[in-house]
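I've put the structures underneath this note.
There are two complexes below, and they share subunit A, which is joined by subunit B in the first and by subunit C in the second.
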Partner chain A sequence: MSAQPPLIDISGLSVGFRGRSGAMLPVLHEVDLAVCRGESVGIVGESGSGKSTLALAAMGYLRHGLARLGGAARFDGQDMFALAPPALARIRGGKLGLIPQNSGQALTPTQRIGTQIAEALRLHCDHDPATHRTRARDLLAQVRLPDPDTILRRYPHELSGGQQQRVAIAMALAGEPEALLLDEPTTGLDVTTQAHILALLRGLARERDMAMVYVSHDLGVIAQVCDRVHVLYAGETVLAGPARSVLTAPSHPYAAALLAAIPRLGARTLPRALDGRPPTPDIPRTGCAFAPRCALATDDCRAAPPPMAETRDGQRARCLYPEKVASPAPSESTAPGAATDGPPLLSTRALSVRYDSPGLLARLRGTPRPPATVEGIDLTLRHGETLGLVGESGSGKSTILRAIAGLLPPASGRIALEDGTDLATSAERRRPETLRRIQMIFQNPDESLNPRQSVGDILAQPLRLYFGLHGQPCHDRAAELLETVRLGAHYLDRLPGQLSGGEKQRVAVARAFAAGPEAVLCDEITSALDVSVQAAVLELLGDLKARHGTGFIFVSHDLTVVRALSDRVAVLYQGRICEAGPTEAVFAPPHHPYTDVLLGAVLAPDPDHAPRLLAEDAVELAPPARGCPFQRRCPVKRGAICETDTPPARQTADGHVIHCHIPLDELHALEGKQAAS
Partner chain B sequence: MYGLIARRFALGLVTVWLVSVIIFLGVEALPGDACTAILERDAHGEALAACRKAMGLDTPALARYAEWAAGVVQGDFGMSAGGQESIAQMVGYRVRNSLLLAAGALAVGIPLAITLGVVAGLTRDRWPDLLFSTGVILAMTIPEFVAATVLILVFAIWLGWVPAIVLTPADAPPLEFFPEFILASTVLTMLMIAHVMRMIRASVIEAMASDYVQMATLKGVPYWRIVFRHALPNALLPAINVIALTVAWLLGGVVVVEVVFNYPGLGRLLVDAISDRDLPVVQAITMIVAATYVGVNLVADILSLALNPRLRSHRARQR
Partner chain C sequence: MSGAALSTAGRARGVLRDMMARPSGAIGLTLVTLHLALALASPWIVPYDYKSMDATGTLTGPSAAHWLGTDHLGRDVLTRVMLGGREALVITGIATPVAMIWGGLTGVWLGLRGGWPDEVAMRVVDAFLALPGILPLLVLITVFGTGGEVLLPTLAFFFGIPVIRVARAAAHEVVARDFVSAARARGHRPFDIVRREILPNVTDTLLVEGAMRWSWMLLGFSALSFLGFGVAPPRPDWGLMVSDARVYMSLAPLGVIAPVVALSTLIIGINLTADALAKTLGLDRSRKAVI
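Let's look at the complex of A and B:
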């Protein structure tokens, strides 16, 4: 890029582990990466592509069991794999800092934040130890943590995810780094928090002229912060080039497929799924690693690995036919129809749920109870419809699902099926027939599928319980169910541990459908999956809905996914509905101020799209006792009325309801002004 | 946090009370009582009635329980059935001796178990780990009476360092039964070390593979500082409860070891009391052991709370 030598210089690096056969299996295969001062480079790929391994290798660090097979990783001219431990320790956390993926787990749980930052200062700065406290406070202020003195005394678990991530950034900055490695720095954070952290990182990079390496599976994040992008597939760089051209006109089919799999806020269509999965390291490579999943693949692709070659707009790609790679265009596949007017299936009225139960003492003293976690929820799910529940963590969306499923008793209010079957009872008290009609799919299939049961056993359970099927008919029906989730009967004997994340989630979907349910409750079912796999699961749900007329309640923190899939949407904050109605109407202005904040923070894989940061990403632990749930963070708060009175439900022209004290036309005008500024 | 401790304490008291009721009822349900034991074949007719009257056994069970419980609370366990001596006095020395034995075994065993566990965890699957892990399992699987007999054979009979048979009275100064003390606590150390060591090994391995240790490495923290400042404070927390169980087990009187070495501790007294059908003594010892278990576990809970910031504020927030 420029005349100066690169600060981080990885060349021909191969890393592998010893497989069961005794042969070394590669995780990274001759990867090159060069990053100069002031430059930020993104590394993108699905899980298992080796992107984190590459970032950690830049620090001369390999996870347990991995070994370097060849190549070198240099920092500032020094070979990181050849340095003696003391010299290595001086660079790590000093000139070369790391910001880990999950700061909650990367901070030592038994040490106070102040101790951990002071440790970094003592190791890497020759300041007078007496100044460490002031320095630590300055660092926390730089990452915009309010009230640094309190934070310094806290333990990691006493902070929110966003605060933990900021502490990790402050700790990396303590060593006055010249380069930062960021391993999925915002994965797992709420959208508003993510947007704030990215803005902070971008600002820091500019201020300090640092070299940055961003590892992420999220092309939206990469588009925000990177100048150049490397796309990794099965341990190989398949595409490298300027971020703008890679994101708009990729010259490798894998990158194009990844881009097409991302649901976008602008388009109301399902993203296009990328079938298949990456090859595992134990499969010997004969040709292009992507060929089995590639629509453009020919016999030439399968005969020999294609070399890295210049393609267009400064991109270099490992593909024989870069000119044939089409720019990602949204597919026309099964888009959800307009809000259906099917007969109602399930409804909640004034539902409220509490987690606290007052102690004997509090009851005797008459201490007022804290406001309910979830309150005043009126929802109606119709046959053949997807109802999306969206909100940040703590918005009560999963709590509502659990109450409907009978896993949590409601404190008050009504949940009922339309034929009058009462659902305000715990699952143990429901009749099997009632249980059958409502099925739930959980976020993490690793935890919701019994690892000791084969797929066949998992599917046989509901068949036996609800339909009394045994033996061959049960087996046949299970095989049929696997076909509907596109897995095939040969999966019956496998254990969950032998399946990929996407396959496991499909088994979970098949299990729910084994009961022949009328309503399926989906709790963040795609958030643990790669985008390509997510797209396939979303497509499958759309398909099942069309075929069986099932009603879905789809809970997600991801607005783009909810938009792509739902017919109607409810936006939740602190366990209260802010806005609800047909998807099109909710996503069109006017918005509730909270919806507007959420929409503003959504990232798109488009370098020209910048998020709008409207509200602080503060974390609230409990809803306010009175007034509007969003009063403490609202960027357009009216004043005292928001703190005292419950906002009225305002019906818009396009048929959705906004709970806000501000009249609709004023909201519209306010939001127009903010979008313009 | 203090509220939680108070609640735990109250719960502990309730447990001890329940144990006392169960013991009392159990003893009641047994055929025969202290008088039948004393009088043996003469236990019938007037003699029996007179004895029962003398010992207060003719009053209703509830009244006797109340009287007994009131005594226990004041440290008075009543009189033994056989010798007519005060149980409190009889048991007092035994408790001291058992405490000494437990202290000896713990003073050597716990630090040794922690050290071996940490070294094994840090050298996972390499030779120190394999050596220690197999070693402690071997030590644990040898039955205590075999180990005890072998120790007596070697040190008393072959080497002649200690007398083979000792008949030290329970109230002798501790130095007089020092030889038995050394041998017995060696056997106990061998028995207890495996649980604690393996627990610590597992949690050291877990801590060293954790994200925060990786982060500390990549922050440039030197290896030994990572071990002592980042990994061990977290790894040792789960061991507290295992150590507590071991301590309680030791304090409760280890019957077989005390009997083999003829050590005048609580365990041997219990065995003697059972064979003499001295029910008041059995009751007293069982109460002491139950209270010890409850007390030690309470201390472990408080320690865990005090040392684990996560537990501390999590509970506090729940309240």
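Let's look at the complex of A and C:
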């Protein structure tokens, strides 16, 4: 660390809110954070750990209902909580920039990008307004947006998520900031986009010698961009230290557990779940906040809160037994077996889905229809097998699931059950018995659970519908189902709003299993969850699969999760299958160029791992009319043939299929070259 | 399930408490409660018979015997004002829920069904909404005659039409959510989906809408009475009283002012209540923190 005074200096900060009982409940508990110029610090923790509150407090801002109980937050020597509003307003957005979560959506939808950047310039610069246009163009060039003049004239909805995020970064740069606060800067972006944005941020920090504070639940992101890491648990810093040592040999059991909960691309084992949940602020503290979930906890831990102490490699941790904390080891829990050769349970043949419907005029004129959103999908799910569907947003993964579930009638193609009978296109026309056998779990449990129904009512729906259960038997069965997802019977009377994200998703899993299904369709079911909770849900699915022999179609944008869970994988781009086969084969070379791009962009919680940025993170709104779906972004495009001819299906030696014009041995050679460069 | 029933009752109590904590809710609920109490008790507490005429004392000002004076037939204005809201409250009190139920269910069903029935029904609704509200009412009443048995269904029908639009919009928002997709994918009948998934989530909107509709219906009813299509004389009614007394407004202004004040306070009370209800329900209670 340098000798200069820290730019952002938070010391002993405690923040709390008044609970229903009238007592002051702490959200942050005597937290220290110091960030110097040119330094990047990551704040990590589960949701509710107070990490966003801490970042906002650095600006002297507290969310409604929160109050400062003690401590100070200084920026460049000034006490942010004591400054007058005009002085505060000059610093915020000026010298101290904030890039909020989902900042793309924070852009005003009715204003052109140029107007919005000009506004940021007007507020925070003394430049002549005539130069704003040039400045805005400079800023867009700095965030590496191609063709800034066009972008300035666009509206936010005309940009991709990654481009919106770049514009938000450009606006934060307008005030010539000396420090940037980034709240989950890449959450919700595709992996390839995420890797590009992080590379950009890292470059900007170096060029401008800025202090950066990253708030993220994703240790992979932190590993990419941060020099130091603070791990927050229940509003307390439990571990702080250099990123490299924290991520490789953490000296606090919570950090070790978080690391173990991350699925890794290299390992085909399920991540290890972290049991329990963080304490709520209303529980009075006696000992270490993490003790109830800690395997190392002793009576000493529960008696008094451990002090912050030097441990090893420059780390400081709040733990009595830092030497006992083992480096994260992968769990031995149910790794998926080799792909089974069981009888097919569910299959689709040449499935295609369209969202557009041509108007009368277009039909009369004979205007050619745009290519189908999803086309030519052949999938087979066998009994007791997990089929992973991977792809970025817009790849049609969820569309396929909805078509199989009967929620979205396909334009053509067949969906068949094992006996070969075709399923009706819409759920309303399928037989109850058929519907029972296929259940779906949705991405966001806030959306898929009716907020007005108690957990008991939610679970009673399928029980009543498929088994005619009422009254006590229904209640008993619902309680039993809650046990299988490791929730107690006392949850029956709760409303979804009273559950945490992970608990809600478990209820959704229990509801799907209430039907006794043979195939379960999982639509990004862990993407809204914390890593620790994600690991628990994945473990639960593995468990249920082993116990009931259920087949899963598991849709995810996260390659590591898919790899950990799936027996077979299909990689989708723009609604077309690029590559499909047994998981091991798909994740081993040769790859389809798109799979290669995806794999290269995956982040690992390892400071030595750098993602490879191959393709541009451009957005594609519609698939190309002819040829290969990936033609426009492919880094190894062959030329005209890719634009005109549908790529042939090439079968590899290890039993998987790649749809590409490039012969397999050449693909293999290309990847070797790119990895080396 | 019993847990759900319990929570519904508990929720209603909580909503009532929150409403009383707001100035608008406290004033509104007090006004509405006073009016309802007066309407219930008035037959027993009025000082005179509403029909008894006094040819010697017409259009008198306020006096000890007649606090609000007498009308052009020498009838006690206070008596008639106290009784004048009863018929309006009974008819609109029944017609409003009927309008809410038929309009609400139709709207929710259209919102779930979508497609051509939705399109056709909404154009019909548009056509009705384009007409000045009172006109179709007058036509029906001219054809079928006045009286509660005609007024009630007529009001319930016409005031239910705009409810369709509101209920459909509210249902649309719910139908797009995944828990409705989940119910469809499980294969529940549309009736079950409406009852279990959609209705509980649109009830709040419909309750607030119902309170507003009630006040509009009261105004509509009084307008009909004023025009002579509502309550038949000599029965007392605020609209009718205004109509009768307006000719003598310069001689006995209280004959107009008293029923107008009575009607206004009731409508203001209902509007304030609706406002407080909307604000209270707007803060979704199922998402409130447990700590």
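Heads up, the rule we're going with is that the second predicted complex is superposed on the first by the 675 of 677 C-alpha atoms of A that agree within 3 Å, B and C clash if a C-alpha of one lies under 4 Å from a C-alpha of the other, contacts with A are read in each partner's own complex, and residues count from 1 in each chain.
We take it that a residue touches a chain if its C-beta (ideal position, glycine included) is under 8 Å from a C-beta of that chain, and two chains touch if they have at least 3 such contacts.
Please read these numbers as outputs of a predicted model, since none were measured by experiment.
Asker: Fit or clash for subunit B plus subunit C once both are placed on subunit A?
Answerer: Taken together on subunit A, subunit C would clash with subunit B, as the superposition shows.
Asker: Report for A:P263: first if it touches subunit B alone, second if subunit C alone, otherwise both or neither.
Answerer: neither
Asker: Quick one: is A:N102 in contact with subunit B, with subunit C, with both, or with neither? Answer first, second, both or neither.
Answerer: Once the two structures are laid over each other on A, A:N102 reaches subunit B alone.
Asker: So in the superposed three-chain picture, is A:D282 touching just subunit B, just subunit C, both, or none of them (first/second/both/neither)?
Answerer: Only subunit C; A:D282 stays clear of subunit B.
Asker: Name the contact category of A:L123: first (subunit B only), second (subunit C only), both, or neither.
Answerer: The answer is first: A:L123 touches subunit B but not subunit C.
Asker: Let me test your reading of the model: by the given contact rule, A:P26 touches which partner, first (subunit B), second (subunit C), both or neither?
Answerer: Touch status of A:P26: no partner.
Asker: If you count the residues of subunit A that each partner touches, which comes out higher, subunit B or subunit C?
Answerer: Counted on subunit A, the partner with more touching residues turns out to be C.
Asker: Who does A:H157 touch here: subunit B (first), subunit C (second), both, or neither?
Answerer: It touches subunit B, and subunit C stays clear.
Asker: In the superposed arrangement, does A:G456 touch subunit B (first), subunit C (second), both or neither?
Answerer: In the superposition, A:G456 contacts subunit C only.
Asker: Between subunit B and subunit C, whom does A:T110 touch in the aligned arrangement: first, second, both, or neither?
Answerer: The first partner, subunit B, only.
Asker: Which residues, counting only subunit C, touch subunit A once they are in their complex?
Answerer: 1, 3-4, 7, 177-179, 181-188, 196-197, 200-201, 284, 286-288, 290-291
Asker: Of all residues in subunit A, which touch subunit C in the complex?
Answerer: Its residues touching subunit C are 19-20, 25, 280-282, 402, 405-407, 427-428, 430, 432, 435-436, 438-440, 442-444, 447-454, 456-457, 460-462, 465-466, 475, 492-493, 495-498, 511, 515.
Asker: Can you name the residues of subunit B that touch subunit A in the complex?
Answerer: 209-212, 214-223, 229-230, 233-234, 237, 307-310, 313-314, 319
Asker: Which bits of subunit A are touching subunit B when the two form their complex?
Answerer: Listed in rising order, the residues are 56, 59, 61, 63-64, 85-86, 88-94, 98, 100, 102, 105-111, 119-120, 123-124, 155, 157-158, 168, 171, 175, 359.
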